[in-house]
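Comments concern the structure below.
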Amino acid sequence: MTVIEVLSGVLLAAGGFFVVTGAVGLVRFPDFYTRIHAVGVTDSAGAGLILLGLLLRTTEWEVGLRLLIIMLFMVITSPTAAHTLAQAARRDGVPVWRAGDARR
Amino acid sequence: MTAFVLVNISLFAILGATALAITRMRALYEATMLTALFSLVTGSLFVLLDAVDVAFTEAAVGVGISTVLLLGVLSLTRSREAVTPRRRRLPAALVVLFTGGTLGYAAQDLPPFGSATTPVRDHPVTETYLYQSQQDMGIPNTVTSVLASYRGLDTLGELVVVFTAGVTVLLLLGPLTRRNRPVKRDLVLADYRVLRVVSGVLMPFILLFALYVLFHGDYGAGGGFQAGVIFASGFVLYGLVFGLDRVQQVLPQRVLWVLIPLGLLLFMGLGVATVLLGGSFLDYDTLRPDDPAAGQRLGILLVETAIGLTVATVMTSVFFSFTGRGASR
Amino acid sequence: MIYAVMAALLVTMALALFRAFVGPGLYNRILAINMFGTKAVLFVAVAGFLFGRPEFLDIGILYALVNFVAVIAVLRLTHHDGPIGDGEGERA
Amino acid sequence: MIGSHYVYWLTFALMMIGLYVVISHGNLIKKLIGLSLFQVAVFLFYISLGKVDGGTAPIITEGTQTYSHPLPHVLILTAIVVGVATLAVGLALVVRLFESYGSLEEDEILQRDISDRDTTDRDGVAS
């Protein structure tokens, strides 16, 4: 077990943890706007850490380059999608949850 | 139970649950979105079953193009389904039980999953495709060499089907059947500045990625069909964000109508050229008599380009036909 | 460790699927499907490493791209329940 | 026996769900969705026949001996693109049907056809 492998394992574990946390949030949070936060966690922290962990495991530069491209792509597209979704929902008048409201 | 089997079964469980949900859902927008999800999972399953090229195509087609087409049709028509009457259910259930039972019974005679001695494997053609191809053309991706060279005629037939379907959609929905001129209207999504900027920045990279997929198909997953669909999704994204008028300034319909048959003609012309050079139809050895392998590689590259051209233009023109229909109503 | 990540991704997919089934409403479903898509990207990347051929990450790039296109398409074509090219509220 | 055939049975189950949608539902778009479910299940069945235990994707590299069979991959690859092309034709027909009948339900369209034919028949007899 080298240092790199341990580090990669730690990153992967942290990524997996964030992904599952976000998914639980997606199911448990009370309304649409709060759920966007949960999804944001899986797309940024979860995906980033898992891809970094995989990056430490490769020896070929081609594979590493592709991992970096995937990371870059997700960094650009997923916030854009989340932002557009939230704005469209706001325009469409999806109500915001306040403390005491029923879950929906 | 290996990890492979467990992952396989969980993906199949997800697929089954999605399929049942699609069956039960009467709101068709939601059902269509679940079909996109279904395609994503199928793509992952194809990766596990070693079919990377197929996974590529399934992702690009199932999640990108066919979702866009279904949603476009729903926005033109009605998006709620009527309740299925009870009298329709019983015959369907009987047919399904009978067919499923027959298939399940017949599956017992199939070779075990993953066995190395199936009739498919033992046929001499396997040897040719997997190992002889390395001497014949020297391309690592055997899927590409089988697609474009060994079974080139088959692929030509498939391309003719795609071409015919594109022409049919144009005849059914194209400008000839319009009742009035398209009206210019405001756009919705282009108001979102972030989306506008990001899509504008992404566009060249999508087209670059499509070209990479086209020319890298010899060495890794990819090829003409996939590249064509990715090209089309680039234009679809642009059209969705900026509107049909803007994308048709970039890619006018007349240009599309010239390009659709061009790919097919290139493919057929290559076949005729090989016949004129003294070989058989689509026998690329004759392109470079001194070095048959290089001739094969040249022929495969030309064929993949032709496929990419036709598929990309057919998909884009189908998208234009559906969305243009909405603008003109 | 890589097996644990695979299991975590599958659990996440199942939870996202639950949200996509129960909704409520269009937006929750789009959100769940968007999340499912990004998890599918990670799944393909991890599966490549787990089963030994990590050079197929091109598929992951494609998944990320197509997922974005699908979300934009859903927003564009369902947002105002009107055909493309229509402005807001112009539909009779 | 069961352990070695599970993939086939699972694909058949998916196929049957698609077939059920095609037969039982009257909505034309839902029928097309069911058809594509059926189609995807057939694709999975084909691909699973080409899979070999311990094999990898049929892209030749050094140091690997077992590859899955490339032929099903080629067939299905082209079939997927042809499938979406035919789906587009089906959807175009659906749009034209909706424009002339104002409905997507098979029953209502048939009803319209029958009542139209009856009125023209009566007119034909009367004149």
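The chains carry the letters A, B, C and D, assigned in the order they are written, with residues numbered from 1 in each.
Heads up, the rule we're going with is that contacts are C-beta pairs under 8 Å (C-beta built on N, C-alpha and C of every residue); 3 or more make two chains touch, one makes a residue touch a chain.
Predicted, not measured: the structure shown is a model, and the values here were computed from it.
No other pair of chains shares as many C-beta contacts as B-D. Greatest Cα centroid separation from chain B: this falls to A.
Taking each chain's centre as the mean of its C-alpha atoms, chain C lies 22 Å from chain D. Chain centres here are Cα means. That of chain A falls 12 Å from that of chain C.
Note: centroid distance chain A to chain B, computed from Cα atoms, is 29 Å. Rounded to a whole number, the gap between the C-alpha centres of chain B and chain D is 14 angstrom.
Annotation for chain B: residues touching 2 or more other chains are 52, 74, 76, 189, 195, 202, 220-221, 325.
Chain D has residues 56-57 in contact with two or more other chains. Chain C has residues 30, 51, 55-56, 58, 61, 65, 67-68, 72, 75, 79 in contact with two or more other chains.
Across the assembly, chains come into contact as A-B, A-C, B-C, B-D, C-D. The residues of chain C lying in touch with chain B in their complex are 3, 6, 10, 13-14, 17, 20-21, 23, 26, 29-30, 33, 36-37, 40, 43-44, 47-48, 50-51, 55-56, 58-59, 61-63, 65-70, 72-88, 90.
Residues 56-57 of chain D are the ones that touch chain C when the two sit in their complex.
Here chain D touches chain B in the complex through residues 1, 3-10, 12-21, 23-27, 29-30, 32-34, 36-37, 40, 43-44, 47-53, 55-61, 66-74, 76-89, 91-96, 98, 103-105, 107, going by the rule given at the top. Chain B meets chain A in the complex at residues 189, 192, 194-195, 198, 201-202. If you check the complex, the residues on chain B that touch chain C are 3-4, 7, 10, 14, 17-18, 21, 29-30, 33-34, 36-37, 40-41, 43-44, 47-48, 52, 55-56, 59-60, 63-64, 67-68, 71-72, 74-76, 79, 182-183, 185-189, 195, 199, 202, 206, 209, 213, 216, 220-222, 226, 230, 233, 236-237, 240-241, 243-244, 323, 325-327, 329.
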